[in-house]
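Two complexes follow with subunit A in common, the first pairing it with subunit B and the second with subunit C.
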Partner chain A sequence: MTVYALYILNKAGGLIFQRDYGTELAKLSSNDYLVLAGTFHGVHAISAKLSPIEGSSGIQTMETEKYALTCFQTVTGIKFLLITDLRQQFVDSVLKRVYQLFADYVMKSPFYQLDMPIRCTLFDLHLNKYLESVS
Partner chain B sequence: MSIPRGPSTPIIPSSKGVPQIPRTPSSTLPHPTAAQSPASASSSTFPSALNPNAQLTNSAPDYPPQMTAPTTSSSSIRKPGSIYERNINRRTPEVSLNAFAFLFSELVQYLLRQRKEAGANAGSLPDLETRLNTLGYHVGQRALELVTIREATAGASAKGAAGGRRENKILGILEFVHTHVWKMVFGRAADGLEKSRDEENEYMIIDNEPVVSKYVSVPRENSQLSVAAYAAGIIEAVLNGAKFPAKVSAHTVEDEDHPLRTVFLIKFDQAVIERDQKIAA
Partner chain C sequence: MIYSFWIFDRHSECIYTKEWSEQPTYGPTSNHSHNASISSNHSFGSAQGSVGSSRRASRIEGIPSVNTSIHPVAKRNREDDAKLIFGAVFSLRNMATKWAGENGTDSFVSFKTNKYKLHYFETPTNLKMVLLTDPSRPSLRDALHDIYVNLFVEYVIKNALSPQEFSSTNPIDNDLFNNGVDTYIKGLA
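Up next, the complex of A and B:
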């Protein structure tokens, strides 16, 4: 499995973290990334409302010809979006591990303010190390 | 604050144990800064954040992080008695590292908030380090009492004699801090002990990943700040309590494998050096 990119959205749909892994991705402007995140947040909410059965979770995976997007929403409403290639074995465990790293190195850092963009050197360090090991 | 860069000689090479030396407890001195400013005097009423009776468990760094069940010495279920009725030599009371990390994080945020309310300049943070140091000092005062009495009783039971020896040499007390105090407070010995080659009264204790800053990412604009000042306060209290007056400061000096590597710079009073030379002569 190749990880192309990771996005983290706060509970209001704001983009608080975005990293590209691999060189083949086209670079967008920072504003475009914010729009992308906000749009996904809206679509996710709509998809949850569309469900005939109440209490549906919203979009979990989305597949295209070239890539797959997996969304993991925590109970607190934070969304982790992982963009990978189509061989998505272990993707759930990768997201769980990213969530654990987030809980450790972001939430336990006294200098991080809730719902604000993540600037934690230790989180970056451990995330890079982990994602390198899986891809 | 100057970051120690000068050459130094290792006294204890990394990851090497030191033989156990039993000791007697000794009295503790008040923190030198506690009486000076009203700001630090008010913070001295802050309850001590760490129970000196407990050590932080650092044994399960692998994921998923699981809560370790609190360990009790007795296998049968009984009512927890008063803290004074418990065995003083219970060696492995463990504390959840996660719980400590959140508490410590709140502690730092509390100090940051206090600073902001006081309208202090957000650019410089030595004041924050002083406050962390003061808080650690209260832990160190208690930790010294406990670790010395434990060493004394353990020595007595192991050798069948009245154990307990009071350290009166600089090297002895530093080894004591490096191994025994570190083990009780942080769960393992420190990674190195060095002597400065430039300054006669400067020594360094090195920890590759201090427990207090394990999860703390200091923002780039405040890269001078080291939250390990809290641990420096613990060391300072132990040294002062053992009648080795010293100033201890923490500096992050990262290397390739250890982004959190921290040097605790210990500056002894000149009187301590003179006394040490007299004892040696």
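Up next, the complex of A and C:
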């Protein structure tokens, strides 16, 4: 599996972390990334509403012709979006591990303000190391 | 299990919908027979729209609705859902094209929740077809393409008596197409 990008959204749909890995996805302006995150947040809420069966979750995976986007939402409402190739092996375990790194190096950082963009060197470092080992 | 099928035209109007659920999400609009389809298509835009919105309003206030003209199972309004589906699909499609960049091409194919899966197919003329199924289905994009080529083009586009443009108040009302879609989808299930 190849990881193309990772987005982290806070519970209000704001983008707090965005990294591209590789050059597969087009480079966008930082404003565009915020718009994409907000859009996904909205569609995620809509998708749970329009389910033909009651009690549906929001979007879990979305596929285009070239990429697959997997969304993992924590109980606290934070969304981890992982954009990968279409093979999607072990996406769930990768997302779980990313969440662990987030908990360890972001949430436990005394300087991190909740719901604000993530600027934690340790998180960056460990995340890069982990995602490199996965790809 | 296939739940429902929707077509949106290039003006983003919902021009066709059909439902196969055992427990219908919407009112008694499922086109089981010719007569039913005619009456349903009339109530689709005007009457049911107003009933639905008043019902929704009363639900917000917590007062149980006393309107008996609408089917008891119909908790939701078909028109509202059509708009929601269109909104979702339109946004995701734009996301997919954003990632592809200015020179690349990519298109949205499907999304999945834990209860259902939405399959999407768009023609070069911006006709959008949406199919809602259970989450375990593999991609039904080819099926949607088949419906477009073998049913929509054959029975709706090539039909000289059919109007050129449809709208949510004047949806596709064509027995050949209707029955064709029904048979095709039931063949998939």
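Heads up, the rule we're going with is that the second predicted complex is superposed on the first by the 135 of 135 C-alpha atoms of A that agree within 3 Å, B and C clash if a C-alpha of one lies under 4 Å from a C-alpha of the other, contacts with A are read in each partner's own complex, and residues count from 1 in each chain.
Basically, contacts are C-beta pairs under 8 Å (C-beta built on N, C-alpha and C of every residue); 3 or more make two chains touch, one makes a residue touch a chain.
Remember, it's a predicted structure, so these values are computed and weren't measured experimentally.
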Quiz item: With the two structures laid over each other on chain A, which partner does A:Thr39 touch: subunit B (first), subunit C (second), both, or neither?
Solution: second
Practice problem: Count the residues of subunit A touched by subunit B and by subunit C, then name the partner with the higher count. | Solution: C
Practice problem: Go through the superposed model and pick first if A:Phe72 touches only subunit B, second if only subunit C, both, or neither. | Solution: neither
Practice problem: State whether A:Lys108 touches subunit B only (first), subunit C only (second), both chains, or neither. | Solution: first
Quiz item: Should A:Leu125 be classified as contacting the first partner (subunit B), the second (subunit C), both, or neither?
Solution: first
Quiz item: Once the shared chain is lined up, is A:Gln100 touching subunit B (first), subunit C (second), both, or neither of them?
Solution: first
Practice problem: Determine, under the contact definition given at the top, whether A:Gly58 touches first (subunit B), second (subunit C), both, or neither. | Solution: second
Quiz item: What residues on subunit A does subunit C touch that subunit B touches too?
Solution: none
Self-check item: Contact footprint of subunit C on subunit A as seen in their complex
Solution: 25-28, 32, 36, 39-40, 42-43, 46-53, 55-67, 83
Quiz item: Hey, which residues of subunit B end up touching subunit A in the complex?
Solution: 63-65, 98, 101-102, 104-109, 112, 215-220, 222, 227, 259-260
Quiz item: Given the complex with subunit A, which residues does subunit C contribute to the contact?
Solution: 3-4, 21, 25, 81, 84-85, 87-88, 91-92, 94-96, 98-102, 104, 106-116, 118, 132, 139
Quiz item: Considering the complex alone, what residue numbers of subunit A touch subunit B?
Solution: 96-97, 100, 104-105, 108-112, 119-123, 125
